[in-house]
Amino acid sequence: MRDTLKIFLLPFSGLVFGIFVLMLLVYFINSMEIFQKDGLAIYTTNQWIAAEDDPQKESYGVLAAIYGSMYTSILAVLIALPLSICFAIFVIDYAPGKLREWLVIATDVMAGLPTIIYGLWGAFVLVPLLKDYVMKPLYNHLSFIPLFSFEPSTGYSFLSAGVLLGIMVTPFASAIIREAYRMVPFTYRECVYALGATRYEATKVLIGYIKPAIVAGTILAFGRAIGETVAVSLVVGNTFNIHPSLFAPGYTISSLIANQFGNAFIYRYMVSALFAAGLSLFFIGLAVNLLGIYILRRYRYAG
Amino acid sequence: MKSKLLVGLAIVTLAVALTGCMQPEKTVSPASEQSPAPTQTTTKTSVKRITLIGSGATFPQPQVEKWITVYTKINPNVMIEYTGKGSGGGQNDFKQGLVDFACSDPPLKESLWNDLKKKGQPLQFPIIVGAVVVVYNVPGVEKLKLSNDVLADIFLGKIEYWDDARIKELNPDVNLPHERIIVVHRSDSSGTTKIFTTYLSLVSDEWNDKVGAGKVVDWPVDKQGRGVGGKGNQGVVTAIKNNPYSIGYTELAYVLKENLKMAALQNKAGNYVTASPETIKSAISRVSMNIPSPYEGYKEDMKSLLNADGENSYPIVAVSHMVVWEDYPDEGKEKAIREFVRWILTEGQKDQYVVAGYVGLPGDVAEKMLKEVGWV
Amino acid sequence: MLGRVLKEKLFLAAVFILAFLTVLPLFHIVFSITARGLPVLYKGGVEFLTGTLPPPGDGLGGIAPAIIGTFVLVFLTSIVGLPVALLTGIYAAEYPNSLIGRAVKVLLQIMVEFPTILVGLFIMQVLVIPMGSYSALAGAFALAIIMMPYVAVYTEEALREIPFTYREAAFSLGLSRFKVVFMVLVRIAKKGILTGVLIGMAKVAGETAPLLFTAGGANRVYFAGIDKPVGAIPLLIYNLVQQPYENYHEIAWGAAFILMLVFLAIFIPIRLSLKEVKL
């Protein structure tokens, strides 16, 4: 007997695949031009020369954007990691029932909150706060350390973007870590405490069991952070700048695209350059996500 | 309960969408005669709504917004939506056929003009005169003079601190702090940038060689980490307001509105002037505004208005333009566009409708334009 | 001995503080937006919800085009995206072991995290330019691509949770697989599926990046048609934040307040009725 259900449903799933593949194709095809012209220089140089008269004079290099995307996302993850782990520990081990529920709901709300609201708050509230209470003092006293060596001027910086992103992606990491930590069998806990461990030591051991989940959560948070556009573009400074300091302004791939695509068609190669930048984002995100899913799959606890 | 919520939501959305749809936007109007009276169009005939979509430069935006507000009040059946996204964005949208009209500060390039001609006949009209001013935000500094080479060197990144000897030399009575200069520029493709960088290329050979002119340029200060990008003239003004010790360039109207401080620039005669209606008019009167016919907009040379002669002329004066098609597939839209342009070039130039920071086109230019296309 | 006790205390303090810091921003955000946004609504009154964008420096006007736009977009997105999403979710639930079924699940996971700006770019290239106009339709398609994985995943999970006995009972009545799924299982999982739909809608109502190059934005025109540019609240906020005018900033806070309110009003009740939420 024919399975009419499968036949009926298959085209729709096919459609989903189709759209995804089409997207990939569109990006590849549109990036071809700049690859043919400059090869991989689009990814390895830092400049944005949009010559109107002579298309040959146009030269694009998005290294600064790639640098910025990586920098801010890694920073975000570094912030998200301790926060999510401690949050998970607190919620599972120490929070009383009702509080636990509301804490979890709070992080879920944070995960779904429209990112423009984060952006608005970030631009008007977070940035001034960071500039006056964190960046200026650190610069005034510790500027010999490369991380703090840039004079904070506007407050728009890798730090602001990293902190904002960290706040935004923590709920994602914490959901996975929390779930995994909850799944640690109760016998393990009993076991560790029976050996006379303090809470700190016990927790250290138990967290050790969920390392794969922590890795997976981190990676997925990274994937989210690197793809974020509007919130970051309002706080990162939007300048082509490669600098080690946290306080320096910079660019990310997604905010570059958001800022430049609107005028790209009057230039011969800019559209292609931006699609190439998008392609790099695509691949970084894809690679990171696949890695995360793979790890999670391998270590998913029963249930 | 949830299904009721969903159904309710759906009904509300449907209702809203339908009310919107119920005002038909297309018109199939027979060529109804428009009375030549410039301030009143025959509102009694049409209930049919026309929507005109435009985008482009933020340089003329305050003026364009004012015109739209006044015009749509007089002609309630026309709705006009203008999105400021930079001259480049406007040219982009116009080329892709995404908007009905676009505003651009620099005249369109010949290559772009030729691309457009493949789709139809583009027409380019000058609409208003404005000035690009250098704004700064240094607490305690009320007046500032900047010579041309100091200006260029600041933007080249060669002068790093506000109390640099060369700035001090020009402003002996001013208390300049020892702070790094933050240079604010545009992050989008901007006609204002084009005007400003063209001027810098004129007055500084080094700028001309190293950076050049364009709607988007590679700002040397970015690599030094002292550059900030703002989106649109509004973004630049925001950045300047928020950052002490910053300097940037923007259109005069934005400065007046936000009460910012302008630097006095050195004009061709060697005098330091700030931008004002008088200094702008002085510049225009000295220059024969070689505005070509709307059919050949690309021939216009923006440089002719820069660095004008005259003791009291402001050096960075520019005209902003509107680009439209000669023909539109929709008759109603075609008429509406022509009416709008005509109104701008006649009524819109009157003092009562010109926004502070802009100057109307010199007398005969507007008339000439309209005669060329036969829309008088 | 003292070392261990000290570490213990430090540890507990750290855990408590960091956990608190994790959710602190949420409260700060809600507080800031209410503190700056609510007064704007008072000042603006009903006109804030019905008027159009005022000139710079000149009062509050209204954000009606953006509100209408958001409604229109969510509505269109649902029409375009829900059927595909639901059916894909059903497929993944019904044939979890087939090659395509597994591939679909992986694909959905990937698409949930996909950078939204790239979707917008894709739709611009593929729909906006050929169509010759920014439009609500283009915005809806972009949003549909983003909404789809969420709804599909919720649908799949909801179906999978139905106890096997229901399925057996339905089959034992002689129903074809098609009918079992659509007439029995989907009805049982209705609540879970609906939850997914509403969460998807809430999510896309707050999206900005995919609309940047597709919807076009509208400040003065209430609604010009689905093949014409349309506004959206997040898009409006994004544009206003980058301008220097005080009144525009006020409008942005007011609009953000409305957006936040709507989002919370939809999200929290749903979340309360669920055990867990898939992100």
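We just call them A, B and C in the order they show up, numbering each chain from 1.
Throughout what follows, a residue touches a chain if its C-beta (ideal position, glycine included) is under 8 Å from a C-beta of that chain, and two chains touch if they have at least 3 such contacts.
Worth saying up front: this structure is predicted, and the values here are computed from it rather than measured.
If touching chains are joined by edges, the resulting network of the protein chains shown connects every chain directly with every other.
Across the assembly, the mean Cα position most removed from that of subunit A is the one of B. Note on chain placement: the centre of subunit A and the centre of subunit B lie 36 Å apart, centres being C-alpha means. Taking each chain's centre as the average of its CA atoms, subunit A and subunit C sit 18 Å apart. Looking at subunit C, one finds that residues 242 touch two or more other chains.
For subunit A, residues touching at least two other chains, in rising order: 262.
Shown for subunit B are the residues in touch with two or more other chains, namely 96, 231.
Residues 85-86, 88-89, 91-92, 95-96, 109, 111-112, 180, 182, 187-189, 212, 214-218, 222-223, 225-229, 231, 239, 242-243, 245-246 of subunit B touch subunit A in their complex.
Residue ranges on subunit A touching subunit C, taken from their complex, read 3-6, 8-10, 12-13, 15-17, 19-20, 22-23, 26-27, 30, 82-84, 86-87, 89-91, 94, 103, 105-121, 123-125, 167, 170-172, 174-175, 179, 198-201, 203, 220, 223-224, 226-230, 234, 254, 257-258, 261-262, 274-275, 278, 281-282, 285-286, 289-290, 293. Across the interface of their complex, subunit C is touched by residues 2-3, 5-6, 9-10, 12-14, 16-17, 19-21, 25, 51, 53, 62, 65-66, 68-69, 72, 79-81, 83, 96-98, 230-232, 234-235, 237-238, 241, 254, 257-258 of subunit B. Residue ranges of subunit C in contact with subunit A, taken from their complex: 4-5, 7-8, 10-12, 14-19, 21-23, 25-26, 28-29, 32-33, 83-84, 87-88, 90-92, 94-95, 100, 103-104, 106-111, 113-119, 121-122, 124-126, 145, 148, 152, 176-178, 181, 199, 202-203, 205-209, 212-213, 234, 237-238, 241-242, 249, 252-253, 256, 259-260, 263-264, 267-268, 271-272, 276-277, 279. Of all residues in subunit C, those touching subunit B in their complex are 55-57, 68, 71-72, 74-75, 78, 128-129, 132-134, 190-191, 194-195, 197-198, 201, 216-226, 228-229, 242-245, 270, 273.
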